[in-house]
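Here the chain labels run A, B, C and D in written order, and each chain numbers its own residues starting at 1.
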Amino acid sequence: MLLTAIIFLPLVGAIVTALMPKDRGSVARWIAAGVTAADLALVVFLALRFDVAQGMQFAEKIAWVPQFGISYHLGVDGISITMLFLSALLSLIAVVASWKMETKPTAYFAMLLLLEVGMNGVFVALDFVLFYVFWELVLVPMYFLIGTWGGPRREYASIKFFLYTLFGSVFMLVGIIALYLQTGTFDISAMADLGLPATFQWWVFAAFFLGFAVKVPVFPLHTWLPDAHVEAPTAASVLLAGIMLKMGTYGFIRIALPILPNAANQWAPFITALAAISIVYGAALAFAQTDLKKLVAYSSVSHMGFVMLGIASGTAEGLNGAVAVMFSHGVVTGMLFLIVGMVYERTHTRMIQDVSGLSNQVPVAGGLLAFASFASLGLPGLSGFVGEFLTLLGAWKSSVPAAWVVIAAIGVLLAAAYTLSMVQRVILGAPSEAVSKISDLTVREVAVLVPLVVLTLTVGLYWNSLLRFTDPVVTRIVAMLAGA
Amino acid sequence: MTLIQPVGALSFMALSVVLFSLGLYGALSRKSTVMVLMSLELMANAININLVALSRFSAPAEMTGQFFAVFSMVVSAAEIGLGLALVLALYRQRKTVEIDAMQELKG
Amino acid sequence: MGYIVAIPLLPTIAFALLAPMSGRVRNKAVWVSVAAVIIALALSLVAFVQVWPGGHEGEAVYHSSAVFASIGTMDLGVGVLLDPVSAVMLVVVTLVGACVQVYSIGYMHRDARIGWYYAVLSLFTAAMLVLVLADNFLQLYMAWEVMGLCSYLLIGFWHEQVAPRKASLKAFLTTRVGDVGFALGLAVMYATAGSFDFSVVLHDFQWAPAAATTVSLLLLFGAMGKSAQVPLHVWLPDAMAGPTPASALIHAATMVAAGVFLVARALPIFEASGVALTVTMLVGVITALAGGMLAAVQHDIKKVLAYSTISQLGYMFVALGAGGIVAGFYHLVTHAFFKSLLFLGAGVIIHAAHTQDMREMGGLARKMPVTTVTFTIGSLALAGIFPFSGFWSKDEILTVLWHGEHYVVFALALAAAFVTAVYVARLWFRVFTGPEQSELKEAHIEMLVPMGVLAAISAVIGFGSPYFAQFLGHEGEWPAAPIALTSTAVAGLGLALGWWAYGRRTKVLNTRPLKQRAGFVYGALTMKLYFDITYDFFIVRGYGLLADALAVFDTTVVDGIVNGAGAVWRSGAHVGALIDRYVIDGAVNGTATLVRAAGARVRRIQVGRIQAYQGLMVGAIVLLMLWLVVKGA
Amino acid sequence: MSALAWFIPEYLLLAGAFFALFAELIVRREGVAAAAGALFASLAALSALAIGVRPAAFGGVLELDQVSVTVRVVLATLSAVYLLWLAGRGMAPERSREAAAFVLLATLGGMLMVAARDLMVLFVSIELATMPAYLLMGYRRDDEHTLEGALKYFLLSMTTSLVMLYGFSFLFGIAGSTSFAAIAEAPGAGLLGAFSAVFVFVGLLAKMSAAPFHYWAPDAYAGASPASVAFVSTVPKLAGAAVMVRLAVILVPGVPALPTVFAVASLASMLLGNLAAFPQSDVRRLMAYSGVAHTGYMLLALSAGSAAGNAAAIYYTIAYAAPSMAIMLLAAEEGTAVDDFAGLAARRPAAAWTSVVLLLSLVGVPPMVGMFGKLVLFTAALDAGRLALVLVAVAMSVVSAGYYFRVLRAAFFVGGRAERVPRVLPAAVAVALLTAATLALGVFTGPLVRWLTAAF
């Protein structure tokens, strides 16, 4: 019952806030904050009672469309509990970060809560149709978040985002149905390691790859990300980068790898190549950007390239590294977007040449932005390093062509290049005229960032705080991959 | 060889096809809507002939074909009545029954 | 022996306390950092004494570690390993660290952000101590990177000006290039040996030559980045834009030595590969020679010392490459002391002369006696003159080369020694003799005391070389007379040339004629052997252009494939006037414009004529019937 | 209960129609006829539900199997909801009295079509269903295009129904009897059988506005008032779908080429419907092409030729009917151009968010019923090996998001007129019922599909 509560509590919140009269924005804010906080509390309560040794836990299964084998089936294992925690945390932070939202606040918070329903659902669903329902459900609120509260080119960005993801997910639906026809059920956990025929696996993997790769995003399907990020309001950007990108990679780990093991092995070299290209391509483009948010968006493409590298390696280190990058990227990029948002609220410009000298004028903001940037470029002791290093280890250990791993390692260097060149111009140096008049972060804004800083340090210093959850699951998946 | 053989179902069906095609040609080529309706009526009659003939040759006992033909006549009468009402209303509005005048709606 | 863990912990706590403070409070809490490093020094001495009798070949005096990550059966840990090598390094790091922190009180007291300076110094000291005490290569790598961050922050300390900002970025990225090699080396090591722990990788695992070569060359590449060996040396001279005491600590004694320490730790792997040793030696000797010659043409006093550091580090790599771990390590220790002394001295000189350019200096000897004496001890040690530490350690390296029959390298090393003597003399005469070009007064007491301590050590430590060898578990003996005499002769010759060219004058010397004769060589040297220019032109600007090109590529081609599809269709279909405002407005992206354009074409079939529709329908029916006939259903 | 009693819903509808014609003579108020009609229709729906599945009656001419019962209930409910809306808003500017009668008669024809097991009964009930539709399409006087649209609808659909009748006559000829059972057993008459089957399905495809026989739809819809389009584009189409499935079941064994015909028609409809819908600026014309596209998806299920396929076809048409009718009713309230939807979110947030639910269901985004319809449909089609067509359908549903979202974009992101249409309770309730059905129906997919599959 706990998982259903976690998913549908925000839905109740969303309905309540949506029905609020327009002028009662402040009440809607508090409801949204209350609901997300309660949801986070439930998730933490769940995590405390989560036994790392066993696999799927807290499972709930009710027949929904019996003759098609569709059931309302929820369950949580090591990886999904991590992502669920991240989703609940970032949702709360997103609500608190958009406290001063004036334009149509009730609808805004309703959309945020609806988004949380979709995100929580994806990480917990164990039935393909349920997974697909939550996967698509996420699109609608994000479309309206970008479309209504976004920047100047918001309509273009929102429809582009919607069409890209819909295009991918619709082919995923075909893949899901093909699997159903082959196995007779829509239940994900039952389908693991069934030894399906190789060519069939290959084609279904192709369908899933298209669906997930658009979301990750992997080069060349990434062009929706910068537009969506630049135009989305801060809170939407945080959730988009923090959680929604991870739905794609989570899909690979939860669905593609366990169910289609030898297709995964067949596709591994291709995915590694794309991953390495995404890493270097994302880094190079981030280096060339003049808009802060676009820079962070392209850096996400680069970081998610590491996740794909880890997934394609198929080794225990690689997969653990992939989940580590997913978690740390969620936290760190969330922080980056929050701070960039806060700076934008004050200076009303995101152009790198207009914003400089933060550390002198607003030391707290400058300091935190520097902290997040160093975490993002993978400084040891912070969470960014954990995932990147493990993926490199895993990739080298696996049968994947070594050239791509070297290119990925160079990606780490390029990450330092674009991050530090941003730090140079934005944080260091003399304060520009746009920066010289702004005030430092308020208590609320710092309070939003503190949990993320704490998480970055804890995972960065004590890796097992995260690996304790993911390792048992990963060892099982690796066994399946080796078996195929 | 006698010129007159017993008339088989095939010849009736042939007649019906010819009539049907004539009707169809009329519907496609005539300029006045009323004439188009007339051609449609011709096609309906072709079908009736077909029905009656087939009823005679394939199931003479039950005469279902004849019933079908009667039904068909009644229905097409109603339809033609309705069609003419429409044409009349259009005439009152557009002062013409030219079928090509009905071209505003397109795209 | 648990207190060993406290040594790296103290500076970490100091940083943890200082970092979150606000600027003003932090500036007053500077003593926290100084106290931490002094206590750490005391503990290090205690640890050193406990290890002093030496003679335990290889196995650790104290080792404890904790697991911070476990993947499947593999556990990654962080630990503390005390053995002779790390005991010596502990003392060196904490001692130089303490001297620099005390010195900085005087040097930086007027700076508005002195608190942040000390915070980063503590973080750096902590990282270096963690590196020295590491019991596995992963922990060493992590400390290594954190040190890179600290050097970035310290070099770019005065970030309001452009030069320090550019230098810090250059430093971080160049060392990061080396770190890519280091990371890949770790990946290969993990893939072959299955672990990072010294005990497993260095002792238990039998390295195949091929794997050993790859790993050691990659580790060497990392070390070359951090220890500024040619061709990755370009960042060190620019790093002088940072505060001088910071350079003394980082760019003389500790951080740059980390590369040598890494190679020393990983020597068993290098020995297993054989090839790697010769490569190390070659890299070392080339850097020694190039560093020396470049130092001889610099006008900025700190740049001279920077290139000198590069050259001396080259010496250490030569020693390690020749298999003489003791010689290399000993030179590292002596160099740490006399080079940090020279840097601190340079700090005082710059404060006094209000310039870094040696051409505007002169006649310091008369007004600044203490500085002159200490600086001279340091210079003579660097030149390798008899009683001072530089002589002994450089001599041991030459002996190792001689015994190893590396005669060509031996000759080059001697040439490098000669050039070192020349630039030392050049520096000394330019700064201390000749006309006084600005009113001079002696430095504060906090600055002189540390220099005195370092000078004393540089003078005395030379006599401990054989005991130092035994301490590290090898048999050590006094340097043989012939090599000692040759090296002293070479050094004396260098000093004489220096005196001849720069010492004799009464007025400011004009070296123009000397440069005309040197012509090409001098030109190349002033252009820093064209390394910087080539890097800037090809790599930095090249990457910038590539990034911009990719950005354009991304928006036009990749995004365009989606957006542009409509454009392709439009031009192909030259539908022209018929495209109504939806297509031009293009609210949805290219695919949609493509579809809309197609829709516009399809829409034209709907002509509105009834009989046209009937005709189309009848046509469809006829087609259907024909198809049925053909198919013979 | 004697066989006559099984057809109480039909009697109710007939009575309702007459009552609607004379109601306003007795009670002077506007909209009473439609209200009465709504009452009668809902009674008919309830009674149809109560009666449930029955064996063949009147000598095997009419039979109430699972499909007929389901479709009867849905037809009656849809027309009840529609009449409820009509009672509220009325068919401006004319009186809605005759319209109510036409609606009830058309629904009656539809119910009989679905239950028919005999060619004669089928032909008569099809004509009974379509004639009121002609009148509904021509109902509005003030727009000079209405009559032209109605005429086009009349001429083209009369031509195709004559072709269908011609097919019926041959079928009768081959089987010697007009009952479906006899036709099913009749030995395949080779080419003549194929021709007759094709003629029959041409008529039905035209009724369903499937490409290449859809030409009447865009012009007729564009001319008619949106209210009448709401009815004509959904109820007769649902009845037509049921009849096509029935005839497919009996004719396909004899004519193996039929599934390919359906596949070709499906491909043409999907491509033409979705592409031509893109540049439309009038909601009626946009929904006309959307109708063509959705008929294409339905035909995809039919081309699978399996029991699951047939059930999916009917379920999909039901899943399409509710949101499509609701969208057209909203257009009737707000104005027929896409730009009339501008600023809807500001004016009527409830209506705006309703249109989101409805349009997303048409695109096939969960959790609305459209997605489940597509899921069931794709499963059946893939099972029958129609992979290529499924991929086209999938791609086209993404394209459809493009033009459906233009309405949403107007509603949410474009500023529009501020004054809102006065709130009329019955109309609002009607649209709310349809939206609730779109949202809730998804959850009951299982039992509904199983119930339909049992019929084949």
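What to note about this one:
Here is the rule we use: contacts are C-beta pairs under 8 Å (C-beta built on N, C-alpha and C of every residue); 3 or more make two chains touch, one makes a residue touch a chain.
Treat the numbers as computed from the prediction; the structure is a model and nothing was measured.
Considering every other chain in turn, the ones in contact with both subunit C and subunit D prove to be A, B. Of all chains displayed, A has the C-alpha centre closest to the centre of the whole protein C-alpha set.
Set against the Cα centre of subunit B, the chain with the most distant centre is C. For this pair, subunit B with subunit D, the centres built from the Cα atoms lie 28 Å apart.
Centre-to-centre spacing of subunit A and subunit B amounts to 67 Å, using the average Cα coordinate of each chain. Distance between chain centres (mean CA atoms), subunit A to subunit C: 35 Å.
Centre-to-centre separation between subunit B and subunit C, using Cα means, comes to 96 Å.
Among the residues of subunit D, those in touch with two or more other chains are 151-152, 155, 159, 218-219, 402, 405, 409. Chain contacts: subunit B has residues 27, 36, 102, 104-107 touching two or more partner chains. The multi-chain contact residues of subunit C, meaning those touching 2 or more other chains, are 587-588, 591-592, 603, 606, 608, 610, 614. Across the assembly, chains come into contact as A-C, A-D, B-C, B-D, C-D. Subunit C contributes residues 22-23, 67-72, 74, 76, 141-143, 145-146, 149, 152, 156, 159-160, 165, 169, 172-173, 176-177, 179-180, 183-184, 186-188, 190-191, 543-544, 546-548, 550-551, 554, 558-559, 561-562, 587-589, 591-592 to its touches with subunit A in the complex. Interface residues of subunit C, counted against subunit D in their complex, comprise 580, 582-583, 587-588, 591-592, 595-596, 598-600, 602-603, 606, 608, 610, 613-614, 616-617, 620-621, 624-625, 627-629, 631-633.
Remark: subunit D residues 119-120, 123-124, 127, 131, 134-135, 138, 144-145, 147-152, 154-155, 158-159, 162, 165-166, 168-170, 172-174, 176-178, 218-219, 222-223, 285 touch subunit B in the complex.
The part of subunit B that touches subunit C in the complex is made up of residues 24, 27-29, 36, 99-100, 102-107. Taken together, the subunit D residues at the contact with subunit C in this complex read 151-152, 155-156, 159-160, 163, 190-191, 194-195, 198-199, 202, 206, 212-213, 215-216, 218-219, 255-257, 261, 272, 274-281, 399, 402, 405-406, 409.
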